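Chain naming follows the written order as A, B and C, and within any one chain the residues start at number 1.
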Amino acid sequence: MSNDWYKKTAHEIRDAVRAKKVTALEVTESHLARIEDVDGKVKAFTDVWADAARNQAKAVDARIKNGEDVGVLAGVPIGLKDVFCTKRGTTTCCSKILKGYRSPFDGTAVERLQNAGAVFLGKLNMDEFAMGSSTENSSVQITRNPWNLDCVPGGSSGGSAAAIAADECAITLGSDTGGSIRQPAACVGCVGIKPTYGRISRYGLVAFASSLDQIGPFTKDVEDTAIALNVMCGRDPKDSTSADLAVPDFTKSLKADVSGLRIGLPKEYYTDALNAEMREKIMDAVKVLERQGAKVVEVSLPHTDYAIAVYYIICTAEASANLARFDGVRYGYRAPGVGSTQELYTRTKTDGYGPEVRRRIMLGTYVLSSGYYDAYYLKAQKVRSLIRKDFTDAFEKCDVVLTPTSPTAAFKIGEKSANPLEMYLSDIYTISVNLAGIPGLSMPCGLVASGLPAGIQIMAKPFDEETILRVAYTYEQKRGFEMGTPTAVK
Amino acid sequence: MAKITKADVEYVAGLAQLTLDEATKEKLVGEMGDILAYMDKLNELNTDGIEPTMHVLEMSNVFREDEVQPSLDREAALANAPKTDGEYFLVPKILDTGDE
Amino acid sequence: MKYEPVIGMEVHVELSTKSKVFCGCSTNFHAPANSNVCPVCLGMPGVLPVINKRAVEMSVMVGLALNCTISRWSKMDRKNYFYPDLAKNYQISQYDLPLCHDGFIDIKANGTSKRIGITRAHLEEDTARNTHTIGGGDSGVDFNRCGVTLLEIVTEPDIRGAEEAFAYLTELKQLLRYLDVSDCNMEEGSLRAEANISIRPTGTESFGTKTEVKNVASFSGIQKAIEFEIARQAKLIDEGGKVVQETRGWDADRGITFSQRAKESAHDYRYFPDPDLVPIVVDEAWEGRIRESLPELPQARRARFESGYGLSAYDAGVLTAEKEMADYYEAVVKQGCAPKQAANWLSVELQALLTEHKQELTASKVTADRLAAMLKLIEDGTISGKIAKEVLLDMFESGKEPKAIVEEKNLVQISDTSAIESAAREVIAANPGPVAEFRSGKEKTFGFLVGQLMKATKGKANPQMANEVLRKVLKETE
């Protein structure tokens, strides 16, 4: 029997488990062994639930033995970004302030995965409270890019991305507030989608910026993305912002056919700021789709240049309130020896947060404070309306918008940490999607000369994940190359 | 917009319940100043008459019915508390009053 | 100098939804500490609020009853401040678009009617309770109350004195009780009132510096606190001092207000719309349905009691003060009892028993049906009013039907002329002295003889007949 189940996609595993060609336990063991082999280098996991995973796998096997329906993720090993509330293990957002915190509940997405037969392997590294683009802001460890261990895997869901690229999990879960799924997916060469705001319940996702946060999967191929979306999407009464819309069967979108589809290339994204090599990779991908019958049209997203400013006002403002609850009263870290409630707060918060989180709380508090609300927060929300309208207008002319995911391939660890503004500017291609609430998917489109993956981003109208999947699937089938196993974990 | 001052940083830190050392304050004056200056580019845009986006989805009236659901056991509620007597969450003596 | 007080009131009232405003926890006040809590109201990571529809409806009911405009479109905002009783360190409240705004309520104070403007009534969540009685120098926090539905009702600065403030609170409480949206129990904290008080020289228009008096446990306490505060401010200004804007507590034992907030922190609440909650749209149809569901309100009922039942303004006021009392009264009258007699028996006789035994009307064994049955026994002459008092007391204690009591105790009034006549003859024979006195012109002695006759019949003789028959027999035997 093959012991390289860890290389397989989720649908391959699921089919084999259901057909009793392999047991869920064998698959889980294969992944646990893989984690043992490579995670010392990659450092994607912050907590591996080996025994619990084995038990979960055994339970799946028992149900199969009894002829029960085991769901579309039967025996599929899944890793969770540590931003998801789970009864098992701890939920820390890789912050000292939540060290040891045990959630009394499982979030909705986690619950739905579990009900579909998934096996959870453990928790994955991230930038503290999802604030960062490199996973360097974790209080636990720095995750490495499996293609080059000196490089970052992107962020904030760097652990989730790296775990897929390094074949440690079949599917991982991430969260995307300004690109935190798509940018790391691009950095490590896997598929990552941020669905439409409201598609997947945020209940159980520790909030960073509530109006921007969305949950999404990292997968090895587009089919797995469709399956994961099928499981997680849909109205949840626990989330007031979860859309009350029927969820289509996303696997029906997996057709290698884009004839007549209009692909919009926004001129504001293809400027000098875009690395030439990256541009070439994107244009190669566009050509693949053109050969399949898609038509390229130029579109304009005229307010692109303002997106970063809007984003960092809104996300820090919301975060400043969302993170206020970490105060050492009900859970989490409490600074020792505090003599007053005032001291309890200030010492707990000052010691408990890392510098990036403190910086964003400061910024967010500032833009909401008396006298600045209109100038910053309200202004940003108005410009956000302009950015949304840009997309509405663009989608009059095209069915999908195609852009690079990131202006450059993964950067070196430490390269940007000295200058926060520069780090913020690297989110330029991903944040508009969050501001507009539309879906966006990133998938690999080859390797640049340095041997690192390049990512292409596909966006569509709100709730039109189906068209994104169709384009992504077509490209994946017709691009004519495989990404293969990353060099550093071969 | 004027650049941020040390007094601004101290005021904001007070609101956010952070105690910053002098070096951090100085650093934040620079970093926040740069970022806020960058954000000022929004002033290039005329947004008169533009409605702010509070929600990207146009939803309203999402309610629950007035039904009692099970609460947590007290033990579970207090399980993560840094300090408790088994009944209450304990904090250093509260002196002044809150707000509503 | 002579000063005029300028007072605005903020009332926080807990609405009696069964579950909390953003989660399904019970609002039962008497639960053990930290047992009505869940991840949502404890502000645990990863949770989201979902609004209780009934909380919105109850808020709109209050708004309509306060003659407010109901916002077609409103939203929930986050009010950011740090305090141990606030689980998320922000309170979900309403900032610039409250559910209800620009209303009024009419009050009666100093014998005249006065209109108090209602600035707004907005929906928010209650905070936890802190206890300071824990050993070891700590305070304890109980989150049972955290997240209970709260409506904040704010008046215009229209109130001109402690008496008006008291009248406003009384009127407001009555309204809330009629709407059945709150038990308004100040001791349990389900109604909390704060007064913003300033004074200005009489005849001037500008506002003085205000102080905010909080944490008062009763309406009369508020009245006293306001009186004290007006006097304190006046003395301060007369002596050349200045009123400091601050929050002041009320020491009921010493009868004084005292500065409460050690350090007056700047109120920079950084309100912004809560991205976790979507807008609330109360369209005309919904508002209409809520309006139709409103019960008759106290002022309307008072007026109807006066005109419909011919009651005095005083009686109508007493009977409508509590909805339960008014409902009870109407249930009695509906059985065909004379309205004035029913009013009297309810508000005087039964009320006296209730007060004496510290009992609630709704808990009394004297149900409206039983009281009505008793009143009918009086009306049809079965028992006298005097006997009825005895029957009422028996009913109050035993819960028996009045008819059963009358039969059991043989209390049926004697209306048989011959029986009364023979008793009269006996009384005359047994009291020759008083009879002679009466006959010599001392009319007063007649009362004594009637008393003797009633005694002889154990009080059951129809009083009117006793009078007539005794006079007749006295004449015959002269």
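The working rule: a contact is a pair of C-beta atoms (placed from the backbone, for glycine too) under 8 Å apart; a residue touches a chain by one contact, two chains touch by 3 or more.
Given the structure is predicted, the values throughout are model-derived calculations rather than measurements.
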Most distant chain from subunit B by Cα centroid: C
Of B-C and A-C, pair with higher C-beta contact tally: B-C
Centroid spacing, where centroids are CA-atom means, of subunit A and subunit B in whole angstrom: 24
Gap in Å, rounded to a whole number, between the CA centres of subunit C and subunit A: 57
Whole-Å gap between the CA centroids of subunit B and subunit C: 40
Subunit C: positions in contact with at least two other chains: 39, 42, 50-51, 80, 82-84, 139, 141, 143, 268, 270, 275, 277-278
Residues within subunit A bordering two or more other chains: 101, 104, 211, 237, 240-241, 320, 324, 327, 329-331, 341, 345, 365, 369
Sites on subunit B at which at least two other chains make contact: 15, 17, 54-55, 57, 59, 62, 64, 72, 77, 83, 89, 91-95
Contacting residues of subunit B [partner subunit C, same complex]: 15, 17, 54-55, 57, 59-74, 77-78, 83, 85, 87-100
Residue ranges of subunit B in contact with subunit A within the complex: 1, 4, 8-9, 11-13, 15-20, 24, 28, 31-32, 34-36, 38-39, 41-45, 47, 50-57, 59, 62, 64, 72, 76-77, 79-83, 89, 91-95
Residue ranges of subunit A in contact with subunit B within the complex: 101-102, 104, 197-198, 211, 237, 240-241, 243-244, 303, 305-306, 308-310, 312-313, 320, 324, 327-334, 338-347, 349-350, 355, 358-359, 361-363, 365-367, 369, 375-376, 378-386, 388, 420-421, 424, 435-437, 462
Contact set on subunit A toward subunit C in their complex: 84-85, 91, 93, 98, 101, 103-105, 107, 202-207, 209-211, 237-241, 317-318, 320-321, 324-327, 329-331, 341, 345, 365, 368-370, 373, 377
Footprint of subunit B on subunit C - complex, ascending: 12, 17-19, 23-26, 32-39, 42, 50-56, 73, 75, 80-86, 91, 124, 126-127, 130-132, 134, 136-143, 150, 152, 192, 214-215, 247, 249, 260-263, 268, 270, 273, 275, 277-281
